[in-house]
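Paired with chain B in one complex and with chain C in the other, chain A is shared by the two complexes that follow.
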Partner chain A sequence: MSIKVLQPGLLTSMQDLGRYGYQKHGVIVSGAMDTYSLRIANILVGNQEGEGALEIALLGPSLEIEKDSLLAITGGNLSPTINGKVVPMWRPVYVKAGSILQFGACKSGCRSYLAIAGGYDLLEVMGSKSTYLRAGIGGFQGRALQRGDVLAVKSPHGASLDRTEYFKRKYSPESFVSSSWYAGRPPIPQALRLTTIRMTRGLQFEYFTAESKSQLLNASFQVAAQSDRMGYRLSGVNLQLESPLEMISEAVALGTVQVPPDGNPIILLADRQTVGGYPKIGQVAIVDVPILAQVRPGATIQFQEITLEEAERLYIARENDIQELKTAIQLKFL
Partner chain B sequence: MHPKTSNMKCNATMLPLGESAVLVEFGGGIHPDTHRKVKAFTEYLDSHCLPGMIEYVSAFSSVTVFYDSLMVKQLHQDHVELRKEPSYRIISVILQKIVAELRTGDGQEARIVEIPVCYGGELGPDLAYVAEYNKLTVDEVIDIHSMGDYLVYMVGFAPGFPYLGGMSEKISTPRRQSPRMTISAGSVGIAGVQTGVYPIPTPGGWQLIGRTPLALFRPNENPPSLLQAGDRIRFYPISQQEYEEYKREPI
Partner chain C sequence: MLTFDEIREIIKMIDQSSIQHFELNQDGTQIVVGKYAVSSQKNTPLDSEGVKETVSQRSTAAIQQESAKIMEEIEGSHLHKILSTTVGTFYSAPEPGADPFVKMGQQVGPSTVVCVLEAMKLFNEVEAGISGEVVEILFKDGEFVEYGAPLFLVKPE
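Coming up: the complex of A and B.
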């Protein structure tokens, strides 16, 4: 049971929720940029929510599904089609063997996630299936997909098997069949709209000039073209320290907004290094990292300050929402 | 050589790094005494299970503890006085108690790791420049570099990359004007008063003085890094032939 890569797309890589426990050895976390969408995709097909899935960026691949499979596509809308017919997102989709799944124009967001019932058959490296591109380890052969790659898929079992069987019974001679309902779809940023990202104050916030502090929260920033999985580089406002700050390297976190001497902030994302030595002006709320990950280069964002307590409350509320969603989806199949 | 300062008491400041991490700052900058406090704390974390903690990252003068706020709130219900507090305060109180009990003298002896280096030639294209810049002969640079006793303050930047202290200022050399697009794994370099070894191919501006056949990053081993914070390092010179042999048959 496998998936064949006909066209690899711009950057299609295997990711999960990240590689934890090895940052003290300098091993970065990696993992999905939009972990929310990855989790929902897995939940929809009955996998463990942290199972490996394909992250598909901006320009998607063309894939041949070589066996009858249950899959789910979430995240940004990259116009997925099966044998030329539009595939609905945020729901389980049962696909016949020999079907061609193709991604097209980027309609909203910039990253899609493709989960398959049973999960991709990959060895874990340091407890994770995420691709660590720079070190060339993890995921599928430690790299982004290339034309001709064949991804093995594990046989579904438990919930993923039950769901596959459920849709098999509903199958008509179309090339695919999906549920009538969808689940978990969040607002995905549109290219031309301004996206608001919530943040808490960074550890060196107070060391910036009054003007920089004010601009951080009032001006809008453009996500620069050089942005990647490591971080989003922002332009538009030059943030400056009141006076030079002697900093020595210390840990950074997902969503840390650091400001190098050129004054253009960088938001650290999935492939961030473990440590950094630049002043940290802000910290993106964890719940808004998936939203940010769907903002494509060239689009604009603005920051809104919230308290640490509020950030934590939002995080806990979202985790509860996901658990409720999981239960609600299970009930659909009873 | 490096007698332990016996039983220094520790204190630290707890700083939030967002809603999922606390930075425990010991103060004192880049100094062996500060490092002993950091080490004492991470040894505690390595040998105790802290409910809700995901992992930690140790640095020159701080240790950052990453946690899951949902788990911290659920797992520390017994701290009645903290029940309504955000997880950041709960974890800070717990970590503060640990820090207060720490004694730097309790730690393990530092491990000494010997690293063979083939200095100069193709494997160390900037060795002559480092010598010239410091008005030394190439052999003097090799002697000074390989006679040093280095402390691994922290590991980061790349997997298995050691931030080392202890290089002689006699061979200190500024970074190259134009960085190289890629530096081979195992390259030993100098940047200012720092020396280090590149574990994976990386772009960089360091002056390259040699290369080690040892693999610093070992993704299929646990731990995946040859060097750990707190290790002491000695470099020793080997010939190009020994380098090749070592590459063929790692010890």
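Coming up: the complex of A and C.
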């Protein structure tokens, strides 16, 4: 009924869609960096899409699956294998008890998501299973996984049970069995390629110099090594205000691009603070946050400006796509 | 006026020579003999009458080419068709820019994935279902495929 951690990997933590409703008390949202991949992983195994899943960053763990389980791996390709055999991603995979799931080299993106039918058996803290690493709350004991940890898994029920049973019937004595179909996804950034991220203007866009505004949209930025779940620090261009700006701290959001006085912008991500006092030059379109979350430190990005209407249109289209995908997957199990 | 035997003799000689095109005008009779690639017609019925007619009208080389084509057509009927398992959009590679699942002339096994068909954001893998060589790919990326449509022609092993 559980998963045992043989090797923890670099940063493997339990995440869901975030801890909303407590920012007014200073509690950050957290949650998956790439919520698209987390949602699809859960949908594939028949869970509620916001169920907790393991977020596996850059260097993956080695896990022993102690019970016959249906799981799905999405997000960046960290070369997952089961008993040494390559596991296909973006599809349900049925594995036998005693299988070793191991992650290897990072082939694309930098974060994988591992969902399991039934979900992980963890208490919610303030309505969420997400790990708030800095405060040490939520998820698995409020921290990243360590060697020897044993994660309890809930028994599948409803759709997750039906799907587990479906693959159990298809099972032949191999290490695992998976579907002959897989879920569509936005492109996962490649390490050496420039990734384009769409954004709208931030609240203080107009306060920046003409040169800075132009550079924001024309230059490319490198994601600095000290980037983390809180935010991506960008280097390459020095963005400056026309004149010093006295600001009262105000709310920041997922994807806000703020510029501290040193001129190097920071994109706020899952573990962002609740308020900020730096001028905000841009706001990443919500559909591109999952793409950004797969850009590895050291890689380069460029911004493309879109209107708020376009960002909204993309968001609605994305949500429609996910609903369509959900329906298509349900049809596969009729 | 040339006799049938004389015409046959002329064709034979031209065929054995390197002459590509021959014209003869004699007493108001015109004979034109040429060695041209014969354009193939799909679904040519294998009609012996038709073949005889061809013999009388074209050079032996052309006849040989024609019969080679016909042989191909006959063989064609023995080619295995990989059929579409769903209605969807055809993709030859797992993602844009990636290497295609299979190329022309490639050997495939029964469980080799040859393409994916996208329907409702779900990508369905299509397996060859047979061992053999891919001799024709009938769709291009992004084309819409009907259920049961032939996707690939495979020459069985």
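By our rule, the second predicted complex is superposed on the first by the 334 of 334 C-alpha atoms of A that agree within 3 Å, B and C clash if a C-alpha of one lies under 4 Å from a C-alpha of the other, contacts with A are read in each partner's own complex, and residues count from 1 in each chain.
The rule is simple: a residue touches a chain if its C-beta (ideal position, glycine included) is under 8 Å from a C-beta of that chain, and two chains touch if they have at least 3 such contacts.
Remember, predicted model here, so these are calculated numbers, not experimental data.
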* Asked: Is A:Ile329 contacted by the first partner chain B, the second partner chain C, both or neither?
  -> second
* To do: Return first, second, both or neither, reflecting whether A:Tyr182 touches chain B, chain C, both chains, or no partner chain.
  => second
* Asked: With the two structures laid over each other on chain A, which partner does A:Ala251 touch: chain B (first), chain C (second), both, or neither?
  -> first
* To do: Applying the touch criterion given at the start, work out whether A:Asn77 contacts chain B, chain C, both or neither, answering first, second, both or neither.
  => neither
* First (chain B), second (chain C), both or neither touched by A:Ile316 -> first
* To do: Examine A:Val275 and indicate which partner it touches, taking first as chain B and second as chain C; both and neither are also allowed.
  => first
* Asked: Is A:Thr35 in contact with chain B, with chain C, with both, or with neither (first, second, both, neither)?
  -> neither
* See if chain A has more residues touched by chain B or by chain C, and give me that chain. => B
* For chain A, what residues appear in both contact lists, the one with chain B and the one with chain C? -> none
* Which chain A residues qualify as touching chain B in the complex? -> 20-28, 125-126, 134-137, 200, 203, 248-256, 273-275, 280, 283-286, 308-309, 311-312, 315-316, 319
* Structure fact -> The residues of chain C that touch chain A in their complex are 95-96, 118-125, 127
* Structure fact -> The chain B residues in contact with chain A across the complex are 15-21, 23, 29-30, 42, 54-62, 64, 66, 69-70, 73, 86-88, 154-161, 163, 199-200, 202, 217, 219-220, 223-225, 228-229
* chain C partner contacts - residues on chain A that touch it in the complex -> 180-184, 187, 321, 324-325, 327-329, 331-332
